[in-house]
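I've put the structures underneath this note.
Two complexes are shown next, each including chain A; its partner changes from chain B in the first to chain C in the second.
Let's turn to the complex of A and B:
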């Protein structure tokens, strides 16, 4: 798909500082899993992307990151044009080839379709970015593991039962695993492969 | 930004593409605690071995709101610390400080500050050799496999050889640890005195090895255990003396020779901690001077 110039929107006003700030939010979310971060360096995202997804993309994607988009995002002229224009990231056909996979919650790929890395290089795995309808600190999930002193509560809305149990079970394959960012509007959190999830509701 | 900021360089020296690459490596490192993530190490305007790995991590993490502290063996006023602090003051225009409590980022060479670090502080270590198994197994392909299989017996043998030869584990710095019960990690050449501080630390710990091009991390509140044996448990150094300046008997002490007769004094290696104790009114005892033999 070519870049449609009429779909393009502005990126960060101050790309150096905004990228750094968004990265620090992502770093805090990833190192203290389940912490809800709010990122407000832009007021507009391409139609189809949440503000937090878009800001994360502007901060960490570049020509070195292969990106997979779930079907309705891949079909969106606005999303593809802006990612190509601002990040110049190559878009790939299957999630297994991707460094980052962006998916709507109702179009999630199976975890086994993603790249899990190898035992020698577990860092070569796909990072999954999911847009969900709601994100809060209600106690639907009880999280524990590195980055969490005791436990932390988290609720991610819109996930199907098979996906939730796949994600919970994937912890047994550590150090292989899928690191995830969860985006909703201007909010974001992360669950790395080390976080144990217990369903409380 | 301050008026002294360097013209013609990007914020914090590194270009944005390099920062993004390093940032992605840091995120992976945090997700796999203790695992060494390879990254495309860049040339920095000082030689390898002077903290280029730590500097690349700092450059990728630092922002305008940060307050940077840099220590070298605990001291804020040694060459390496002064030049790195000035480098970032110059290229990023950030505020710098010597106070551990005030700093948001602390780049360190070979020490962890005595004052316990807090949540939202980031400690960035300069690492010369990131692979704890390197002196046992020189081939990277093999050490990768050993990490993949959690095959760490060789390190226990090395420690055991210490016990057999000296009666105790003689490794006193660079003491290997297990992170989150999975990866063996080189804590960088900090004294083993500092090892216990790494475990369950509320601050984020990032490690950068510039020459070996590896980044690794320990997230806050992560278990870090020093290797040992049931009958030879891990122990830290202790001193019979106290700091001659502030009288501290619980901090890591440096031995300083003060004359030609071998007289010596012990002082805190952490200069900020020592200074703080002095302002609080603590005083040490002056060292005994040895008589010159005529």
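Let's turn to the complex of A and C:
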């Protein structure tokens, strides 16, 4: 699909500063899992992407990052054109080939369809970025593990039952696993493969 | 990723031509002609001017195997006019101003009401300037040409 120029929107006003700040937020979310970060370096995202997803994409994707988009995002001219123009990232057909997979919460791939890395190179796994309807620190999940002093509460709305238990069970395959970013509007949090999740409600 | 073959149509060809002229002209010459027009279009940056390196590829004789010739500095920029038209530029060197002006000119050249004016007042003079420079350089090179004559040997 070619880039359609009428869909293109502006990237960061100050690309160097903004992408480093966004990267810093993503790193904080990943290293202190479940922390809610707010990122506001842009006011507009391509239709279909949340502000936080778009800012994360602008700061981490480059021509060597293979990206998979869930079906309705892949069908959106605005999303595809802007990713190709601003990030120049190759878009792949299946989630297993991707370094990053971006999905809407109702179009999540099965975890098993993603790339889990290998025992020698567990870092080559797919990072899953999910857009969810709501994120908050209500006590639906209790998180524990590296980066969390005692426990932390998190609520991610819109996840179906089989996916939640798949995610919780995926911790048994450590060091293999899937790291995840959760995006909602301009907010973002992360759950790396090291975080244990306990359902409290 | 392979480069998709662009559809060859007169519009694309015309745009390739003016983008080429804008990119190859010296920044100062372009600025001079641009300011003489005193156009001040309203615009927004889609991509701020950014400088980077690009690999130049060549083919021996224009048809041999492609090879990497070397890298060059390049500045690129994309702007959107208030009307929605997108202008893009890739220019040699590290001058953001050159890139912005070239992108604005590219956008205005796609607009029906400014196209004729810019073609006439900007692209044609720049083209003439480039042509003159090229001629001059060719003439300088030509004066150093050495012709080797080989005498035809007679049959023994």
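Here, the second predicted complex is superposed on the first by the 201 of 201 C-alpha atoms of A that agree within 3 Å, B and C clash if a C-alpha of one lies under 4 Å from a C-alpha of the other, contacts with A are read in each partner's own complex, and residues count from 1 in each chain.
Everything below uses one rule, namely that contacts are C-beta pairs under 8 Å (C-beta built on N, C-alpha and C of every residue); 3 or more make two chains touch, one makes a residue touch a chain.
Every value quoted in this text rests on a predicted model; they were computed, and no experiment measured them.
Contacts of A:46 after superposition on the shared chain: neither chain B nor chain C is touched. Contacts of A:34 after superposition on the shared chain: neither chain B nor chain C is touched. Of the two partner chains placed by the overlay, only chain C lies in contact with A:6; chain B stays clear of it.
Of the two partner chains placed by the overlay, neither chain B nor chain C lies in contact with A:109.
Applying the stated contact rule after C-alpha superposition, one finds that A:15 touches each of chain B and chain C. Touch criterion met: A:90 reaches chain C, while chain B stays clear of it. For chain A, the partner touching the most residues, choosing from chain B and chain C, is B.
15 are the residues of chain A that lie in the contact sets of both chain B and chain C, per the superposition on chain A. The part of chain B that touches chain A in the complex is made up of residues 10-11, 16-17, 19-21, 23-33, 35, 37-38, 60-64, 120, 144-145, 147-149, 180, 182-183, 200, 202, 204, 217-223. Across the complex, chain A meets chain B through its residues 15-17, 19-21, 23-24, 26-28, 30-32, 59-62, 64-65, 99, 118-123, 127, 146-149, 174-175, 177, 179, 192-194.
Considering their complex, residues 1, 4, 44-48, 50, 78, 80, 84, 86 of chain C touch chain A. Touching chain C in their complex are the following residues of chain A: 2, 5-6, 8-15, 85-86, 90.
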